Amino acid sequence: MKAMDAGTLTEPREGLHARPHIEVEVQQQSERQLPSRDVVFSIRDLSVYYGGFKAVRNVSLDIFQNQITALIGPSGCGKTTMIRCLNRMNDLIENARVDGEVLYHGVNLYDKRVDAVEVRRRIGMVFQRPNPFPKSIYDNITFGPKIAGFKGNMDELVEQSLQKAALWDEVKDRLKESAWSLSGGQQQRLCIARCVAVQPDVILMDEPCSALDPIATARVEDLMQDLKSEYSIVIVTHNMQQAARVSEMTAFFTAEVQEDQDRRTGVLVEYDKTEQIFTNPSDERTENYVTGRFG
Amino acid sequence: MTSGAIDIGALQGSPQRRRRESLILRAFQLAAALSVLISAGIVFSLLGEAIVFLSNVDLSQLFAGGWYPRRGEFGIATIVTGTMVVTLVGMVVAAPLGLAAAVYLSEYAKPRVRRTVKPILEILAGIPSVVIGFFALTWISPEVIQRFFNDASAFNMAAAGLGVGILVTPLVASVAEDALRSVPQALREASVGMGARKRTTTLQIVLPAAVSGIVAAFIIGMSRAIGETMVVAIAAGGTGGSAFTVDPTGPGQTMTAAMTALAVGSDQVRGTDGTFQSLFFVGLLLFFITLTLNILSERFVRRVRQKY
Amino acid sequence: MASRAGSLTASDLVAASLHGRKRDIGGGIFQALLILALFVSLLVLLVLLYDVISGGISVFSERGADFLRGRLSIVTAATAGVGQGIFGTLLLTVIVVLVAFPLGIAAAIYLEEFAEDTRFNRFINVNIRNLAGVPSIVYGLLGLAIFVKLLAEFTGGRTALAGGLTLAVLVLPIVIITSAEALRAVPHSIREAGYGVGATRWEVIRSHVLPSAAPGILTGTVLSLSRAIGETAPLLLVGAVTGFLASGGASLYEQLYGGYTALPVVIFRWASLPSQDFRALTSAAIIVLLALTLTANALAIILRNRYERKW
């Protein structure tokens, strides 16, 4: 920790006190109750633009280690945009531009010196639709470690990863078969195993169950509980029950009409313990959403 | 990484990997930029010699007399007219045949029929033009043209035009079919839903909706016909040059055939001053005509895309 | 449309109006016309094949392999053959494969995978589309000015190398366009999966995008190859030999830097000879050329149909 980035960190950061003061009342309320855990991401005044269109406005929140953090909200509220900022997946979208900071263990991910590829190695992602490579199950797992220069026993790593993803027993006899022969739920767990294989620190999940049936969904949710002891997990979901079931912390986003634009911009309404969000939200909009009156 | 913060160095990745990445990017970029170099090469190589030609030749020569470059007669009007005659004959064949084939394939054919017929059209499109040229000379000319026009000569522009038409038909069909298929299904359903017949739907809804794309198909076909060389070089006659003519049943010369005529027979382009350069002048003219047509057709294609 | 003994029920009336329209004769004629048009196109293909095969088959039955080995001649039909033409065409093909394919695929990868939407990249795209529409004979002029004259030091003038390079430039835009289409068809999710586990762009391309796009790229390149095999006009301009060709040198170097001819050039030359003997030879040479190009085309079509992937 010798060369802390003086450019991006103007003051030493202690827990939650160094936030910009955008949504003051929300934060004050939260700070009273938030657990004192290590922070993985500290998002500061983050805005995202696609060309001239502002997709997300001034978001600030902290994401904690070894917890599941859920991002919820109606469609178009910018939750997917948000999560894709956390491993610089938005770099791949043309015209995408980011204002503000995403501090990952104190380092701004959008610092010029940071390599997006290295970021994604440490911060893995699982996508909406299962997207295994059109290769064998085995090769799906080994691709990431190989390019990262993994030198250890590959067979062991494959077994470990598949076991962590609770898929080993189902596929151990057919590792050479095409990943596309698996069912949707299995494919998604393979994608999780593939992600785990590069030994990331954080796993981002963008609506990982939206293409799965209820049984497969339940398995993935169980898996998330197993994984959180080792990894920090951020999940985007449009399914409120899922957020309530799996997460410790929940951030509720909504889409706001901007005066100067005809499209809607995502804003963070409230960020708190999941229990709090679903039982005693402090913002009326959150309450309307979680009680199903809107969205 | 349980302790709060990490060093920025940990996120900088491997410099070696980054260097390799940017090296590969440069190499690929160079390959893509090469296409610009090729275009520049075309324009400059044509332009240079064409300017030499124009400065050596009295401009009034270009619009008088026939095209006999080895004798110093450079009547451009002759070969431009020849090109127009051949193209016209070709499009009279290719436009209706290509469009009808496209309409059938897009609106009427069952998937199974489509799967068989399309490859056959593609094979037709893949036949080398020198083969069509031979066919035009040895079959189309005696069996079709001379049968209808008793005094037609063995080498004639009509046979060459029909050959060009055969060559261009698959192209017209394919571009027009793309245009027809890009018409949204909802339009057809709306029409059929009001009790319109299939034919009415096709003629009054689908064709008008795809009209830009169909025009584009015709223009592309025309551009291709103008640039077509071997069919004309073999079947239209006039290898040594040609007097001004608009008679399709007689021999004539197009811009492209005139160019090959200059190159063939001697293995060397030779003749009086300006003969060699005239090749480039005609080439330049051809290049600009086809380029204009291609850009025009691109406009029309884009109009379809914007609409749907 | 039957009505029972004068008493029409309501359902009879409905049935009558539903079945009862006159048959759509106009529609039938319209459809018949469309089929006729298609049929004419296909018929032309058949007549052409019949004409060529019936005209040339005797050469094969009389001379057999001798014709395939024989040397280029425009004087003695009895001994003339397409040996040098076939060899020249294969030599040109190899040059095209070595030059146009790597360059074309690399350019396509750049345009589809790396290029951002800048003005320059848009210009490159438009430029390539326009190049694809340039008549082949203009490429002949380019080859004449650049490869034969300007780069004579390097190509040796009117050599197989100059001819091959000219054809390579000619098919380059086609290779780029078809390869780019194949790359575009690879779903974005595959790329995201690669980036998601920390791969660089090139790693994603090499390991996932290219293998997925390979059948499409292969189809496009084979099609462009078939085009190169059949091209005649540009070769005439860059000096493919049409009369008499001394036997090429023994070494590959001498072949590359020597005079050459190609199958379609031979066909063109023979087709313009008045002798009836050469007419049969022309048909026979066309059979050989069609065998080459149609095989390439058929291969491409089969490849495409077999590997056409539904994502």
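So that you can tell them apart, the chains are marked A, B and C in the order they are listed, and the count of residues begins at 1 in each.
Assume a contact is a pair of C-beta atoms (placed from the backbone, for glycine too) under 8 Å apart; a residue touches a chain by one contact, two chains touch by 3 or more.
Here the structure is a predicted model, which means the values were calculated and not measured.
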What is the identifier of the chain with the smallest separation between its Cα mean and the overall Cα mean? C
Most distant chain from chain C, judged by the mean position of its C-alpha atoms: A
Could you let me know which interface, A-C or B-C, is made of more C-beta pairs in contact? B-C
Roughly how far is chain A from chain B, centre to centre by C-alpha average, rounded to an integer in Å? 52
Please compute the C-alpha centroid of chain B, do the same for chain C, then give the distance between them in whole Å. 14
Approximate Å spacing (C-alpha centroids) for the pair chain A, chain C: 49
Contacts with 2+ other chains: residues of chain B: 17
Among the residues of chain A, which are close enough to touch at least two other chains? 117-118, 122
Please output the residue numbers of chain C that touch at least 2 other chains, ranges allowed. 200
Within their complex, chain A touches chain C through residues 87, 89, 92, 94-95, 117-118, 120-122, 124-127, 129, 131-134, 143-144, 147-148, 191, 194-195, 197-198
In their shared complex, chain B is touched by residues of chain C numbered 24, 26-27, 30-31, 33-38, 40-42, 44-45, 47-48, 51-52, 55, 102-104, 106-107, 109-111, 114-115, 121, 123-124, 126-131, 133-142, 144-146, 150, 158, 169, 172-173, 176, 200-202, 223, 226-227, 229-233, 236-237, 239, 241-243, 264, 267-269, 271-272, 279, 282-283, 286, 289-290, 293-294, 296-298, 301
For chain C, which residues count as touching chain A in their complex? 116-117, 187, 189-200, 203, 207-208, 211-212
Report the residues of chain B in contact with chain A in the complex, numbered from low to high. 1-14, 17-18
How about chain B: which of its residues touch chain C in the complex? 17, 20-21, 24-25, 27-29, 31-36, 38-39, 41-42, 45-46, 48-49, 96-97, 100-101, 103-105, 108, 117, 119-124, 126-135, 137-139, 166, 169-170, 173, 197-199, 202-203, 220, 223-224, 226-230, 233-234, 239, 256, 259-260, 263-265, 267-268, 279-280, 283, 286-287, 290-291, 293-295, 298
